[in-house]
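Order as written gives the chain letters A, B, C and D; numbering starts at 1 within each chain.
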Amino acid sequence: MSQFLTKRILQMLVALLGVSIVVFALIHLVPGDPVRVALGTRFDQDLYDMLRERSGLDRPFIEQYFAWLGNALTGDLGLSFRNSQPVTSLVLERLPATITLAFAALFVAIVVALPAGIISAVRSGKPLDYAVSAASQVGISMPDFWAGVMYILLFALTLRWLPSSGYVSFLESPIEWLRHLVLPAITIGLISGSVITRFVRSAVLEALNQDYVRTARAKGLSEWRIIRRHVLPNAWIPIVTVVGLQLGFLMGGLVVVEVIFAWPGLGRLALTAVKDRDFTLLQGAVLYIAFMFLTINLIVDLIYVRLDPRVRVS
Amino acid sequence: MTVAPSTPMERLPEKPVSRSREIWQTLIANRLAVAGLVVLALLVLMAVLAEVIAPFGINDIDIPNRLTGPSMSHWFGTDDLGRDVLSRVIIASRVSLQVGFIAVGFALAFGVPIGLVAGYYRGKTDSILMRLMDILFSFPAILLAIAILAVLGPGIRNAMVAIGLVYTPIFARITRGSVIVVSEEVYIRAARSLGARDGRIIFRHILPNVLAPIIVQTTLSLAFAILSEAALSFLGLGVQPPNPAWGRMLAEGRNFFQQAPWMGIFPGVAILVTVMSFNFVGDGLRDALDPKQKSVIESRGQSV
Amino acid sequence: MTRSAIRPKWVLMLLAIALVAAACGDDDAETTTTAAAAGTTTVTTAGDDGDTATTAAPATTAAAAEPMVLVAAQGSEPDTLDPHLTSAYASFQVLENVYDTLVQPGDDLSMEPALAESWTISADNLTWTFVLRQGVKFHNGREFVADDVVFSFERIIAEGLNGWRFGSVESVTAVDDYTVDVTLTVPSPNLLVSVAGFKGMAIVAKETVEDGTIATNPVGTGPFRFVSQSPDGGIVLEANSDFWRAGEGLPILDGIRFVQIPDAGTKLTALRTGEVDWIDAVPPQDVDGLSSEAGITVGRVPGGDYHYFALNQNRPPFNDVRVRRAIATAINRTEIAEAAQFGAATANQTAIPASNGSWHLDYAPYQSADIAGAQALLDDAGVADLSIDFLVTSDFPETVTQAQVIAAQLAPLGITVNIVDVDFGTWLDMEGNGEFDAFMLSWIGNIDPDDFYYAQHHTGEWANFQGYSNPDVDALLDAARVETDSAARKALYDQAAAMIVDDASYIYLYNPDNINAWSDAVGGYATRGDNAIRFVGTFLQP
Amino acid sequence: MSDPILSVRDLRVRFGTKRGVAEVVNGISYDLHAGETLSIVGESGSGKSVSVLALMRLLAEPPAAIAGSVLLHGRDLLKASHRDMRSVRGKDLAMIFQDPMTSLNPVRTVGYQLSESMSLHLGLTADSARRRAIELLDMVGIPSPDVRIDEYPHQLSGGMRQRVMIAMGLSCDPDVLIADEPTTALDVTTQAQITDLVAELQQRIGMAVIWITHDLGVVAGIADRVIVMYGGRFMEEAGVNDLYAAPNHPYTDGLLGSLPMPGADRPEKLVTIPGLPPDPVAMPPGCPFAPRCVHSDASRCHIEVPVFEPDRARHLVACHYPLQVTA
């Protein structure tokens, strides 16, 4: 087990290195550079050259990368081009908001998807199944920005139940934290939940069709017990994969929702960094997002091993 | 069920029904799948004949008649520049379907083989391929698409590549996961130990058994690809105006949600109908392709 | 579009502002105060409650009970709080209330005293002497002196984004603690606007630059003191009790909290639900609806920005003035303004809006939507089947809208407009590299005509991406820069402006209105022509 | 003579399908007595598996529609509530299935799956269920059962898994064990071992067994009586020796003819029956075997269905023209 972990952690580091190279290469291939954007329309060649030299942007690409990498290995992700703040602190101060939202959204997604998917599979072909399917299709077809705007207009503006935007830290006020969290979490959660519902239904249906379910029935077990003890433990395996993928998606796909709900998260930070061509900041934000994603992956794999004895032994 | 009985009695001649015909028959026996196929066919027809069907041009600007609700002359109302929403929804079908098909086709073409190879060979090949996929996948999807588009330049073709690339790792992972499970099956182990060629095992034995999750993912991804176009258009990187795409129309309509909800609702409904059709066909295909559900009677008999 | 009915509430409020301003513009003869404000400012409001004449007095007493904190929503995030290094409007919205400049644009945009109480100009027009206000304190308690002016200006010249504004400045010297001399190489009639037109020219505390805290913890002399900035709490300011206008009861608010809400729709909702008290902009399509909503006031004044597009004169056939004029003739500016701004704009064939009374030129040589005339010009130039790669950016969505309208307007001429919609970073790069047939943007926050014309239309200047070169225009712009007589200077600019319009160096479209909105609880605030966000006299009614 | 434990009368099973109603089991009747082993033989699609799934009520209704009666100790299972049915399954009627690879849950240990029905039906505690599970594993011949009990199905060989299935079937001392082609998926050596095991256990425990198979060769070693099924109907029923010695039904004869029987007189005479089994959606009106039968005639066989009433003392045949006179 520890050997497995060590191997996976090494692989993770390699992947992170790969991510940093890709980010670096991409951001340098993209037209425009941070100085150009900082100057805006008030362009001035001399000033431009001066600022480029000062920020080291005039050095060769490879040299810049290794300089950055050298510092990164010591834990220093550099300073943001735009405001000279340490990237690490800029990212870290936004991390809690993003993690909170991602997990809250996943929570909503799972709370919705598991019962819906299981009921849909067990009642396969019945009206309830069609109702769940139709609802999940609508959920899948709904762009997040559209859903978000509708919830804001309904719950914040018309009903005045919840705030329209912003983030309050849990430590400051748990109630306000929750109130601000609800709408963005539901916006993403219901969409993710719609996707997961389909996979849960498919996985449960698949498991329900297995011979061992017939065996369990022949033992005289109740349907509910069969689903709980025999179907779900098998269905978990594909479901966990999808949930892991979804969480990865959530981590990065928060950009739009963070914009709509003025949620001070990493997605928005990364978007700003792309627009500003602030590659140190982007590098930092993406590395953290990638790190979270890879960690989730690792956790998913560990859960996998826990869930599937076949993988455990071989 | 997987091992053929060896007594002669079991070797009674099979009904001469080819596999593809059988799949087709199962598929068209599924009413929802047929409905989906019909709607998709109509959509494709609409896309082909768009210019002929659309009552107005896509750039017929009419500021005095902007933001008017559905009426006899403009069934779907007009947008913020007074353009006919119906015409734009019709013409947008072309771009949106293209985005869906080509982007997902790209992801399938790269993701599935990668997943097959990684899951079948395991070991180093697996590690390298999946780390590459991890790298691609651990980027926030929209940011990756933005970066790709910024490098390649905006426009619909590049948008398709960007979306396709974003979805590639998903197909790779899902395929790989199923391949690993299937590879443990006795018949695969048997085939391998008998020295069957890898290519043959992968394509004849493994691929058919991992198609179900891939199909589910494909139909889902078609929906998401069309919506990704919306997100990219939202950021100004998708279809170049004034050419309409459903996603772009939705993104624009969002700003007029209160003044002119029809600007977003109709393209939204178009996406919904398309996505549902894809999913119906996908579900039907999955049932039809699943080797465990070869005949209706058998599947019914055992589905309990 | 223009609802000029000024309601009693507003008259009173403007009077209050005028009184406050008059109280400070005490002694100096060269100061113009805000008496004309009501004249140049058209304010639209639909707030209906008659209870008005609230002035500073009751608000100050209310402060004793509960802190009076204004929540202001911004549409984008300040990138840095260093006034010399930012070009972000969001940063300036905050810094406007933290920093002071030597002098500042008053409500009619003429320059009035701020940190400098008065100034004199030498006979040769080459030395400006500023007499500084005494007893002004930075937020860290240190007294403001002439060295701070010298340090700030030298920093701007050396590394700030606005160093170019000091183009004619030879040196800045502290004569004594309260006197600063600015020496010029050539006369600069617009020096005040150049060195103090906006908070990018702020006077900063040297020690914050030296210890590097300026970017995150700005220390100024302004009405509000910076407290904190965090992703969840936004930017928090508190009243500066030592403000140099404290004697007038300013600032009135106990504090301001700036929150960032990037989505315009959400921002509007937050105002409607009362989560925020003030928002920095209103989507044009919502202005009319919002104006008639109870409880919300929309402040709207003609702004100094202009929207335009330019054809690449380094590429044929756009080097042919007839082609450019054909396009300028074929378009319908009113329709473009209506389409993009829903009436919250004024079509204009020149750059400077009518609201800028001192420099406006009433000149409109092009007929609107004159397809026949345009076709004749194209035929004359021998150009047919023209195709234009039109560079716009979704980061400024109105450019995308306008380009679509222009495409439709040019279609009858057989001109194909290929809209190239990229993000702003790419846009800037493509503009800089000349990769366009046409580009479209707006130019913001101008006061002096030099800002409108010189960098954009003088041969070889840095903002002249369209490659315009007309020796006559160059000569006029050069001469106007050093002309100290206002009337003569106006005449020079008028000539230059007419040539620029005739040559269609830029094809000007319209001047948009500046629009803010706030809840009726907010008093003592007015939208300004230069889009500066000043909360110094603002208060909240319970 | 004692009453039968299980008495099946006129059992019919139909499925609604897209093509129409499939008549899969068309009125079968038989009795099963304590300690007896009854083998139902037929090829795929003959309805033999469906008939036992139907009496276990393991078919989904709909699409299946079940008629007739299934009396277990005189109680009609087809009229029992779902709850009652669950208390019968695994306790009174146990069943083991064809493919031990897929019939065991891959993510549950052997012990878990074994103990499950014991704690349900016998109310055993976890500890005693585990002890009994180890005993059962030992009884079905699994070496070191105390280790194997914590293993997962994929860690066992096919034969071992089927032994586990059998142990599961026996765990609650059922009156009847239904074995649905339990050896089909196994190799020949293992097949014999499993068959012997069941036979031996039956001797020890004294339960009745219904053994479903398509393989007449397997039947010979285990069954007391044999029923030959075709097209959802019984063709012939007899004591195992009678049947082998003197098949009365042309179909049975054909089956035996196509069977390579080691040591039999006609080892090389491998005869296949020409034609296809009947389509359950379009059953022929008369004898289901008539279309393939060389002895059939148009006037009777294609019109009138031959039937027999259960009588375990006799050699029964459902044929208008049986090959031999019954003994």
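One rule holds for everything that comes next: contacts are C-beta pairs under 8 Å (C-beta built on N, C-alpha and C of every residue); 3 or more make two chains touch, one makes a residue touch a chain.
Keep in mind that this is a model prediction, so the values were computed, not measured.
Touching subunit A and subunit D together: B.
Ranked by how far their CA centres sit from the centre of subunit D, the chains are topped by C. The most centrally placed chain, judged by C-alpha centroids, is A.
C-beta contact counts were set side by side for A-B and B-C; A-B has more. If each chain is reduced to the centroid of its CA atoms, subunit C and subunit D end up 90 Å from each other.
Here the CA centre of subunit A is 22 Å from the CA centre of subunit B.
Subunit C has its Cα centroid 48 Å from the Cα centroid of subunit B. Averaging C-alpha coordinates per chain places the centre of subunit B 46 Å away from that of subunit D.
Within subunit B, contacts with two or more other chains are made by residues 1, 146, 150, 184, 254, 257-258, 303-304. For subunit A, residues that reach two or more other chains under the stated contact definition are 30-31, 149, 153, 211, 214, 217, 237, 274, 310.
Shared interface positions of subunit D, defined as residues touching 2 or more other chains, are 58, 99, 102, 154.
Pairwise, the chains that touch each other are A-B, A-C, A-D, B-C, B-D.
Of all the residues in subunit A, the ones that touch subunit C in their complex are 30-33, 36-45, 47, 50, 82-85, 93-94, 97, 149, 152-153, 156-157, 160, 163-169, 172, 259-262, 264, 268, 272, 274-277. Touching subunit C in their complex are the following residues of subunit B: 59-61, 63, 66-67, 80-81, 146, 150, 153-154, 235-237, 240-242, 254-259. The part of subunit D that touches subunit B in the complex is made up of residues 15, 17-19, 22, 24, 43-44, 49-50, 53, 58-60, 63-64, 98-99, 101-102, 154, 184-185, 214-215, 217, 255, 258-259, 270, 272, 276-277, 280. On the side of subunit A, the complex with subunit B involves touching residues 11, 14-15, 18-19, 22-23, 26-27, 29-31, 137-138, 140-146, 149-150, 153, 195, 198-199, 202, 206, 208-209, 211, 214, 217, 237-238, 241, 245, 248-249, 251-256, 267, 270-271, 274, 282, 286, 289-290, 293-294, 297, 310-311, 314.
Of all residues in subunit B, those touching subunit D in their complex are 1-3, 5, 7-13, 15, 29, 184, 186, 296-297, 300-301, 303-304.
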